[in-house]
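There are two complexes below, and they share chain A, which is joined by chain B in the first and by chain C in the second.
What follows is the complex of A and B.
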């Protein structure tokens, strides 16, 4: 395997790894808050589960970006494409938006979800608003993914 | 920030329980009840329901016990759990020491009011005090033993009133709590204890003035470690109340002491000053409502519950004594919700 391919694989690993870390931390924070509510009021399970799952999307975006990179360099089909060092580096850099934004926004969304879980603990009638607040954080994770996809598309092999 | 995530579960569970805190309108309804049996009926809608044949007195301890057990359940480590139980240890210690002193003066001991909610079981606490083994007290700083010996010695020699036991032991308690909060690195708990120290000092200042105590007495009983340096309070003790208000003018307590001084000068009793102090505490802690991650909601909940139980006691004992609705409404403390 060429060094350029290894660099591109490093990009795929960063995309999936960083975004996955963000999601796991976020889901963890929201889960702890969820357990607090469910101890007192198990009937709120449905809503709590939704709010806990919200920070999980960053991990999926990271995985998607990782697949796109693997597909681009032919790692999925087993037919590795020959890359120059510059192309390998460009792919690795293209992976960064989804990875970094996924890490930061995953934690931030977890915190907002946990706060929203506290909101529904006190005011279950405000469930709609409680879902919108953490969903706002999602925008930036989507933008990160969009940037990575556009950059990958722009790299000609 | 990372540290505060330790309380995510606890804070959320407490948020759920905040829903059961009683609003002010509930207390007004209770005050408006025509009879004690109606009071019982209204209480059944809340967590304070009492069984047939039970006296109202069981409510206070039962609910305090439940609140403490919830708080201990949600807190992540033993040191924090103990932190919130020490107040019961110090209460038991006060009762036992007072009993010991009264027994020496030929009175009968009365241990009925001891509460088994502290870190030291009641039996052990009795044995510590009876055998004078104060080193086994949880307030393990080495000077605590000397403080207690010194206190007992002074009380015996000077035949002081047993209420001095409260003042001196509060000093021991708050110093210990401040130290614990600092060692745990919990900045909010440090601030909270400092606030309690300041409020206690302000009340002690008025109490001392009310009873006409000397300046040296005040400097003996004021607690150090609060936001306001206690020496500044001692300095103005013999001046008029204006200088006291001025000294605290740039502190967060300026509004509080102004109102207190005005009431004091009108000749109001200390109970109305106590009410202002309670209201100030609850108003300050209302900021904890906006804290999502941290120990703040837990502390605020404990104080809110304490205040709620106090309000219930005011209303129920007041109604038993046949006090008028106006007086009861006036005596009510603010509520957290």
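What follows is the complex of A and C.
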């Protein structure tokens, strides 16, 4: 394997790793708040679970980006594509938006989800609004993913 | 297709027909009573009118109802034939006729039953606490098993000696035993097992030296244990405790058996609960009526189309009733209900989630958001296979349980159903069926190639074009929002605002688009000059009009120029629609990962196929859940943040007519 491929793999690892960290922290934060609410009212489990799951998407986006990179450099079965160092670096850089934004927004979204869980603890009828607030944070994770995908698409091999 | 028109109903009638009228209104469920004292002017209050309600009686009934509810819940939890998940989600409804209901209420002495069940609940809770105490005592004694001294000794001692049990920090222990040796004449120590870092022991000492010992102990962090009040050595005491625990268990069993005897009343209790809650609702509603000794009056809201029904009812009491219908006045807080064509009705979910329109100020956004939500959801989820699965599941569920569902659950599921149909359409256009699963399995290939014939665009291969489509849809969506605002303004007579703000901006934005189009070479280059002029003209128009609130002409121009900055808002709004591409790619790639994992294991002989099937089913189910959630949340967000912000304020109060609302039963006539 060439150095360039290794660099590209580093990109894939960063995308999945950083975004995964963000999600696990976020889901953890939301889960702590959720467990507190459930001790009072176990019937809210469905709603709480939904809100806890919301910061989980960053991890999926990271995985997705990592997968796209693996596909691009032929790591998933088939021949390894031979890359120049520049191409390898470009791929690694392209992976950064989804990784970094995933890390930060995952945590932020986890906090918002936790607050939303408090919201439904007091006013379960406002569940719709409680779901929308964390989704506002997710916008930026989506945009990060989009940037990564477009960048990857733009790198010609 | 809009916000229903409302009328204010004002009624004065004779008390002799009050119950009849209230009962009929309850059954018809078309009038919402207004809290009268808050709307009456002081003048009317002089006319020796009084509020009829008896607050104390109502709160008593409420307390009882609450007790009844808790008793039902508790009984339900003791019910052994557990209901299925779906049943407990939807709630089983009991069908009961009006006559049956009245009879039940007369027959069963529910008050005693509720008391009894509540007392059983308390007893069980008490047993639980006692058992926990016994268990913790047993655990403590278990660690003192080796101690051969009866426990009562530590309580009272003998004539000359006494004892105590406790623990010290490990590092203090040596110094402590030295201290003991130096100061006490006679003592014996029995080591006991303890938690790490500590040293537990029992100490026997002379009673006459008790004070000396206390003085020594004070110098250390001695932690004295509470010795359980039991007779005999720890070993004997443990046996005792175990017998007590068995006794508690037996007691619990017998209490539970007694509780089960009450299970036969469960249905009746539910029926009675509903009966009382209806009665309570009636009492609460009428407590806002005003009355004199002979007459009563109330006000309420009625939909215009229900006017005839109400008049029909009142015509029966001719001579005993006077009433009027009025158009709502400007300062009335009119309750809102939106009505739409059945196909569009499911989308009302989104409108009410955000907040209903304000009466007389907003238009009902439902019909306008409906097509966009439909398209966005399909494009985001974008896998025809998922759409198909969802469509089948939801249809089956609606057919099987639809009758028992509440209106709002049904409406929500219908919305999801429409979304999944859209997913089939857009998934097919993008050529994704479980993301190419059909192309990978050899015997499904022919099917795959047939399905691929309708494929128009693949976002994975041509993301830029798909992005263009997403943004174009966004532009249409946002323009529609501005046009709707213009419509609202014109309808309310603010023609000037509509022309200066909305039409001005529409002109400016479309000129910019036109200019951009010419620059990009999509439109004839010969129009370049023309487009430039349009942009300039529209910008000048905005500069001249946007600052019209200011008196000072200089400030006016400055404000006008600054308003052009608003174009960045529109730009970011449009870019926000790029999420459609991202989500579409997301669902495609996750499905692809699932397929690839399955393919990897499928090469293992025999077991491979089974594991691959499991991966496919579990993986695609998870992927479907995650992506459907994302598609829903983000399509909704595009309506709320990008679309509604242009024309809609929301915050209307929902129309809640006085009607029969039951928790457990369906009352049939």
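FYI, the second predicted complex is superposed on the first by the 156 of 157 C-alpha atoms of A that agree within 3 Å, B and C clash if a C-alpha of one lies under 4 Å from a C-alpha of the other, contacts with A are read in each partner's own complex, and residues count from 1 in each chain.
Heads up, the rule we're going with is that a contact is a pair of C-beta atoms (placed from the backbone, for glycine too) under 8 Å apart; a residue touches a chain by one contact, two chains touch by 3 or more.
Keep in mind the model is a prediction, meaning the values are calculated, not measured.
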Partners on chain A (chain B, chain C) - clash or fit: fit
Superposition-derived comparison: chain B or chain C, residues of chain A touched: C
Touched partner set for A:36, first chain B, second chain C, both or neither: first
Which of chain B and chain C A:155 touches, first, second, both or neither: neither
Included angle at chain A between vectors to chain C and chain B, based on C-alpha centres and rounded to the nearest 10 degrees: 50
Which of chain B and chain C A:100 touches, first, second, both or neither: neither
First (chain B), second (chain C), both or neither touched by A:142: second
Chain B versus chain C as contact partner of A:117, first or second or both or neither: first
Chain B versus chain C as contact partner of A:132, first or second or both or neither: second
Lowest C-alpha to C-alpha distance for chain C against chain B (Å): 5
Footprint overlap on chain A, comparing chain B with chain C: none
In the complex, chain C residues that touch chain A: 353-354, 463-464, 467, 576, 578-579, 581-583, 585-586, 589-590, 592-593, 596, 626, 629-630, 633-634, 636-637, 640-641
Contact set on chain A toward chain C in their complex: 50, 53-54, 56-57, 60-61, 63-64, 67-68, 76, 128-129, 131-132, 135-136, 138-139, 142-143, 145-146, 149-150, 153
Chain B-facing residues of chain A, complex: 29, 32-37, 39-41, 111, 114-115, 117-118, 121-122
Of chain B, residues touching chain A in the complex: 5, 8-19, 74, 292-293
